[in-house]
Amino acid sequence: MKDSKYNERKEEFTLSTGEIIKRLYKQKKNVEFLDETALPGEFPFTRGVYPTMYRGRLWTMRQYAGFGSAEESNQRYKYLLEQGQTGLSVAFDLPTQIGYDSDHSLARGEVGKVGVAIDSLEDMETLFSGIPLNKVSTSMTINAPAAILLAMYVALAEKQGVSLEELSGTIQNDILKEYIARGTYIFPPTPSLKLITDTFAYCSENLPRWNTISISGYHIREAGSDAVQELAFTLADGIAYVEAAEKAGLEVDKFAPRLSFFFNSQMNILEEVAKFRAARRLWANIMKNRFNAKKKKSMMLRFHTQTAGAALTAQQPENNIVRVALQALAAVLGGTQSLHTNSYDEALGLPTEKSVQIALRTQQIIAHESGVADTIDPLGGSYYIEELTDKIEKEVKNYIKRIDELGGMASAIEAGYVQQQIQDTAYQYQLDVESGKQVVVGVNEYQSEVEREADLLKVDPAVEEKQSKKLKRLKENRDNQKVTKSLQELKAAAESGNENLMPYILNAVKVYATLGEITDILRDIYGEYRASTL
Amino acid sequence: MEKKIKVLVAKPGLDGHDRGAKVVARALRDAGMEVVYTGLRQTPEQIVVAAIQEDVDVIGLSALSGAHLHLFSEVVKLLKEENADDIIVIGGGIIPEADQLVLKEKGVAELFTPGTPTGEIVEFIKTNIK
Amino acid sequence: MPTDKLGIDKLVSGILASNKRAVAKAITILENDLPGAAVLLDQVFTKTGNAQLIGVTGPPGAGKSTLIEKITNHWLQEGKKIGIIAVDPSSPFTGGAILGDRIRMKTISSKKNVFIRSMATRGALGGLSPHIREAMQILDAAGMDKIIVETVGVGQSEIDIVKVADTVILVTVPEAGDDIQVIKSGIMEIGDVFVVNKADRPGANKMEILLKSMIHSNNENLTDKNVVKTVASESQGIDELIEVLDNHYHEFQVTGKLLKRKKALLELMLFDIIKNHFANKTLVKIKESDQFKNLLNKLAKREIEPYSALTELAEENQILAAILEGK
């Protein structure tokens, strides 16, 4: 194809995987979308999980938020709901995510920083004060102690007089990607998987509308993977969870309909759209063929999307508004069920109310002005998109095969295989940016001299102290005999090894045992995970 | 024989985002340095103990959780207490300009925010160690 | 330069008082051949020879660091002081290295009676550099009871470990039994104690039997007892391993084998020093001399033969002459 008359501006054009992009894509025979059965709402759901998609109902606009104290976060949630947001997404601070109360020595400097500090049911009551739980769907980014936070939410619903059948929302509950990419693990894999399958079992009986897990590729991508690795490792995690649940005696069609996914939306719009389409087709086939699922709902890959935090630049931060818009567009063209758009100032610090509003408006403009939500899978049938969808599907299958050979995802993680793959890609990307092969506007090209410091939100440093005082007061005022008894019962149940711990955790949170107290009981029995790979 | 530059790369606090720390560790290795990587969830005390035993020239700290003010200054403070403040401390992460000023005042030599080419960090280390 | 800040004398008294900063600075001087290295080594030498030197090697992922962590914890409870040197390979292309073993020893890395130092192989053709041994001597002089060196079982460093240790522990895993090639030739002769770690996995018994049979055909000094199964992550088999180590060391002491081994290690050390000194000082001096350059020019013009050149060089250099005469 080389013709000196038509020189191209680059030696080669590539995807995030390094895969070379052709100059032109042409019609191919036997392209799967041409199959009459491949309609939206039909197996394998390549074009969408629902028959009407956004013509029926728009995606849920769900902005991840939370910082400082429960009071402050409660204010932010009410503000977001007033602005037209349709679902809540709770960010917890790191001590909460790792099961430490705010007065723990390791919590120093971290309380209220990346999310809200929750130590007990008392904080949860404040967090949702004035927000009836049957009127919102709530997503909680919580993993290692997910069972405890879910128990607090359930206890709160009971206090509000909301029936459990009405509760809708999601707990992230995805521990495997914590070992790979995000780092907020507590226990080793085996007991962690037990806690996860306990929540599966509990929810299938009690919370029919609750998504029991959000199997997350988001953080894998943020850690530096490419699009294929993101999908491959996420689906491999999914396989591991289904296997664990089956091993625990659960029937696949009972829990599989409540599995949900969470993906990243990066800069290459068309590659991302193909990734989302391939994801649906792959999972449908995995559930049908590998796990013999019978229900259609078990085969449907429903997912939340967040725009890529790693694509935000600290230089010329306003440019991030455009980046986020393009990434959000890709997610919508890819058929996401819910979406978080990042704020343009997040490479500098916590977002302000104004920047959060722009991010939400971006979604509303795509929904109501752009026209892309008016038909289903508008890019389906594009030669490029279809070929890319097939290609990604094939490469993901190769990865899954390799992971199966390594003995499954848990073994592949233990051997450091997954982490190594991601790090290699991350480093290569960095080298490409530094060599100029990958242009990042405002960073390695088109730099501006003057940088303006954006207005930033500051977390009140007094949160840590306030939170500690609150804990002290709580421990003085609660019925400590009941707390001790509930913790002893939890301990006995955990030691027995074969009981579902959810009811015991629920009892403990109801009498105001703290997150740290409950986690400590489990830490003693299960031990702590220690990363051993580089 | 020229003394090899030795750097400790650590993630203080509870933050688990180690992409940046690992990319920097590799870049320093590729620049011929020896990098001790200590992984996640290090307390300032552990970092200082490691830096002293490893006798590093530089400590590179990475934090994206917003806890940098407390954690980075704690490392600098403990180094002083141990009479080891000849070790240069640098930091990376999402660190607002106002905080950068505070940290530099406390003795952090330099701070690198997202988008910094790794070559810049290598250069800084090479020019600033004695 | 550290030597300017801390004089060698002061450094030595620091080492003898178990001051960690002094120990660390001393290792840096040795590792980088900085001025004062030789004096430093000589000044601590009479205080060495008391520690038990243990080498731990095995393939990546065998759980060496976890095992070291567990035995260290055991010895700490007995009031012992432990020095650990974790060796990782240097990149042959850039000379840089990522040293990641500290990550795996988190529970002991900040303990008072533990000193951990990460070192890179720094060339040495993939083998252990002599600086590893020198670092061990500093730890020895600083009063460590046990000094453990960990090397990854890749390349020469695995076999080289026998040159620095009284006792060599070879760590392996059950799966290694499926592929006999994993147990490289030569490795069976250097091990004193063999550990099948992660023994809760299938194949552990098979691996144990395999190791025992290989011991019999390779090393008459060893018995079945020197093979131990452990699950280091669960602390299983650690007491047994300690017992085997103690017994082995005790037997070594009473039979005089330990003295023999220590003498062999010293022989290697002295030979290394001579070689090093000769290569770095004498040979470099000769190579940089005008006479050498003149002779090289003559060689190029075919005016002189190589061995005649050697004779001419010896006329100017007493050491070279002495060596040639000795032959």
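Lettered A, B and C in written order, each chain numbered from 1.
Following the convention adopted for this analysis, a residue touches a chain if its C-beta (ideal position, glycine included) is under 8 Å from a C-beta of that chain, and two chains touch if they have at least 3 such contacts.
Everything numeric in this text was worked out from a predicted model, so none of it was measured.
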Edges wherever two chains touch, nodes for the chains themselves; is that graph a line, a ring, a star, complete, or other here?
complete
Please work out which of A-B and A-C is bridged by more C-beta pairs in contact, and write that pair.
A-B
Express in whole angstrom the distance between the two chain centres, defined as the mean CA positions of chain A and chain B.
30
Report the inter-centroid distance (CA atoms only) between chain A and chain C in whole Å.
47
Shared-interface residues of chain A (touching two or more other chains) are 531, 534
Flagged in chain C as touching 2+ other chains are 98, 100, 103, 106
Enumerate the residues of chain B that touch no fewer than two other chains.
26, 37, 39
Which positions of chain B touch chain C when the two form their complex?
1-4, 6, 25-26, 28-39, 45-46, 49-50, 52-55, 82-84, 86
Contact set on chain A toward chain B in their complex:
94-95, 97-98, 100, 106-110, 113-114, 178, 182-184, 222-224, 310, 312-315, 346-350, 423, 426-427, 430, 433-434, 440, 443-444, 453, 456, 459, 531, 534
Contacting residues of chain C [partner chain B, same complex]
5, 20-21, 23-25, 27-28, 31-34, 90-91, 94-100, 102-103, 106, 109-110, 115-118, 120, 122
Which residues of chain B touch chain A in their complex?
13-19, 22-23, 26-27, 37, 39-41, 43, 65-67, 69-71, 74, 94, 96-97, 113-115, 117-119
Which residues, counting only chain C, touch chain A once they are in their complex?
61, 65-66, 98, 100, 103-104, 106-107
